[in-house]
Amino acid sequence: MFHKIISRKDFADLVKDDMTIMIGGFMACGTPETLIDVILEKGVKNLTIISNDTGFVDKGLGRLVAAKQVSRVIVSHIGTNPETGKQMVEGTLKVDLVPQGTLVERIRCAGAGLGGVLTPIGVGTMVEEGKQKITVEGIDYLLELPLRAELALIGGSIVDKAGNVVYNATTRNFNPIMAMAADTVVVEASKLVEIGEIQAELVMTPAPLIDHIFVPEKSR
Amino acid sequence: MIEDLNLAKNIIARRIAREFKSNQLVNLGIGLPTLVANHIPEGINVIFQSENGMIGMGPAPQPGEENPDITNAGGQLVSILPYGSYFDSATSFALIRGKHVEYTVLGALEVDQEGSLASWIIPGKKVPGMGGAMDLVVGAKNVIISTLHTERGKPKILKKCILPLTAKHVVNMIVTELAVFRVTPGGLALIEINKDSSIEEIKANTAADFIVSEQLKVMEV
Amino acid sequence: MFHKIISRKDFADLVKDDMTIMIGGFMACGTPETLIDVILEKGVKNLTIISNDTGFVDKGLGRLVAAKQVSRVIVSHIGTNPETGKQMVEGTLKVDLVPQGTLVERIRCAGAGLGGVLTPIGVGTMVEEGKQKITVEGIDYLLELPLRAELALIGGSIVDKAGNVVYNATTRNFNPIMAMAADTVVVEASKLVEIGEIQAELVMTPAPLIDHIFVPEKSR
Amino acid sequence: MIEDLNLAKNIIARRIAREFKSNQLVNLGIGLPTLVANHIPEGINVIFQSENGMIGMGPAPQPGEENPDITNAGGQLVSILPYGSYFDSATSFALIRGKHVEYTVLGALEVDQEGSLASWIIPGKKVPGMGGAMDLVVGAKNVIISTLHTERGKPKILKKCILPLTAKHVVNMIVTELAVFRVTPGGLALIEINKDSSIEEIKANTAADFIVSEQLKVMEV
């Protein structure tokens, strides 16, 4: 009944120039590396990437930055990828820095149908520039708005054929939140299992949120 | 009119059950909508969400297999299918409000030609509360109202709801034992009619304006 | 190192007249019934209860309503407990009805340090009364504010001696959200296990959020 | 001044490690703060949170036991203790922003006598980004800044930060290799001093106003 397995070629066809893509992972832990390989091969340009950080020059989504396929990143941290800083200074890459907790909350808003959240984070700093400030019971908050993508690329540790996902250890991070906030969601499965093999309580992303399951050759 | 209420309800449930495609995520309200699950056509695999925190809800458990920890949003014992999952209420309503649920089927006290719904309070008389209904009708991609065409002879489909609203301008489709309506930008459209009814009977029992669709069909039930 | 097991008597001492208490569960599924027994025995009055619903006259927190220990409930549904409606009509019980998704989101805000959320739910209905309406990109939202309690009572299926909690099946519901939103959090453990017996990925409420573990006699 | 930077950093880490009680939830920033974990006194069981999604973080794994799925917020391999748990980033920052973390220990580019902190950007020069630092300093119950007293001879503790802020009025305590300060409503208070330093040396190397506490003690390190 579930026909979600996607080939390398069909995934490549999904990815287009100018797309806004969310990529799960934290310093490349939990990042779907093979899906990034495919985007590198295809060579699409002018991508907007939403992720926790820009990883490393040779690991994680930082490889897309190094390949100059990205024109904008919305992230909390770029310190581990010198290419990001360099391209930012050269003016070829726009970098939006967002506090990590605000970033994940904005993505959650998009996935959860909320119009925004009030957070105390960033009040009195550069982060408040251009944002609406709302005072509740004498405390100032910034109104932070939803952040959505056309495509979300998720790194799943254990995925069943229906699309239920388990993330091992700290690979979870942004993955389950992003899996709710994009028009199309693709999970790269480190391990593919049969339906029923995952305990229902352990599912971290329920099957209906996953559009496509990509199984890299090394996982087969 | 169909006097047998049980028959009427099952006509409604059977008709609604034909709307779904395989793999769609569907939330059924308490009461009449629950019946829909019994009528899903062979070969169609609908995935049921229950707002208390489950996807892949299955039927009532077999005797001896009851688990008090597995309940639906009505508090009844149910089961879970092999592809199912559990989650907390925040995630459940993130799924609902975030447009991840394809269909919600709910009952009505009143529903009107603008697609507004009243279903949670009769002031001074009956105040069950809205539960998850407000979230469901605003959040689901498609809202189907399942209702008997009249109650104690009074039409349930009105020009404008009188009771306090559950939500404004959210209903996509209204299914009764006599007819199926679609709420369109141009107003209410009668798109299907029970083979044993007539446009005259429907007009006489509907307190709303509606146009008769050029593609009017007989309700398949 | 963790000394969190609380006796029946010590728990009873925690509960006081006029308290605001969150109680987990959904139609009494996942509700800590023995903790409610203790509150019934102690007979404290004038409680404000935050929960999904008021359960039943003889099951769940509805028993506290029936015993007239409650002066206010903040819930999404009261239909299954005729006592709630009766006392509301008589004017002895204040009932605040909140849409279920808004209710859990407001509790989450309190636990997550957010000042509020914008939700489309309730716009154009009685629910919007007295609330600030905020328009973002042409869509109207209600600003919903955090909801906090002095005490949260949680129903845990499996609890380890550090306080890590697993909720079986649909007992999860409001429990993990409430466990973050109160000054003091008490979990009733259906089953108590040793530290290390719960898979780290399966923990639904991390140990530091739990102040006290109550083990009813039937679970020992 | 202490010329040996390694010694200086370990003095700071040792002093901070004495602040915690058993069962407190603590988040250590990248760099100097990470050293604090090496100096927790015997018998004290601090629980470490890592903002990438873990409670109960343990030390670097033994050779042969490395698991690439278990990393800290710096991307380094770590381990998890038996009472530990994993969660997503939304939950992690709910814990942080929601005042469930007792202490956060972070480094500083600048910190000032009002308790404001600059740590994430040197405009035009170095822009690592704030990561989780803004959330941590606003959300944690107690904020400890660990910093060398000076950098290239320049004081790190100022009257007012010049660089863009991480947050305003959030720091509770500043620990350097020479001294410990508390940020009080009345201003900065020197509460401890390294036995090898002097008030004069601290005054000469601190660009902020501070009062010397009446209970001034020798730093126990």
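Letters A, B, C and D name the chains as they come in the text, with residue numbers starting at 1 for each one.
In this section, a residue touches a chain if its C-beta (ideal position, glycine included) is under 8 Å from a C-beta of that chain, and two chains touch if they have at least 3 such contacts.
Model, not experiment: these values are computed from the prediction.
Between chain A and chain C, the least number of touching-chain steps is 1.
Common neighbours of chain A and chain D under the contact definition above: C.
Once the centre of each chain is set as its mean CA position, chain A and chain B turn out to be 35 Å apart. Chain centres here are Cα means. That of chain B falls 29 Å from that of chain C. Rounded to whole angstrom, the centroid-to-centroid distance between chain B and chain D, based on C-alpha atoms, equals 55 Å. Contact with two or more other chains is made by residues 80, 86-87, 93, 96-97, 139 of chain B. Residues of chain C found to touch two or more other chains are 105, 108, 112-114, 119-120, 167-169, 172, 200-201, 204. Listed by label, the pairs of touching chains are A-B, A-C, A-D, B-C, C-D. On the chain A side of its complex with chain D, the touching residues are 26-30, 52-53, 75-80, 85, 88, 95, 97, 99-102, 104-105, 108, 119-127, 157, 167-177, 204.
Those residues of chain D whose C-beta lies close enough to touch chain C in the complex are 22-23, 25, 45, 47, 55-56, 80, 82-87, 93-100, 139. In the complex of the two chains, the chain C residues touching chain D come out as 1-2, 108, 110-114, 160, 162, 164, 180-181, 195-196, 200-201, 203, 206-209.
If you check the complex, the residues on chain D that touch chain A are 50-54, 67-75, 80, 86-90, 92-93, 96-97, 120-121, 126-135, 138-139, 164-169. Per the touch definition, chain A reaches chain C in the complex via residues 105, 109, 112-120, 134, 136, 139, 141, 143, 145, 166-169, 172, 199-202, 204.
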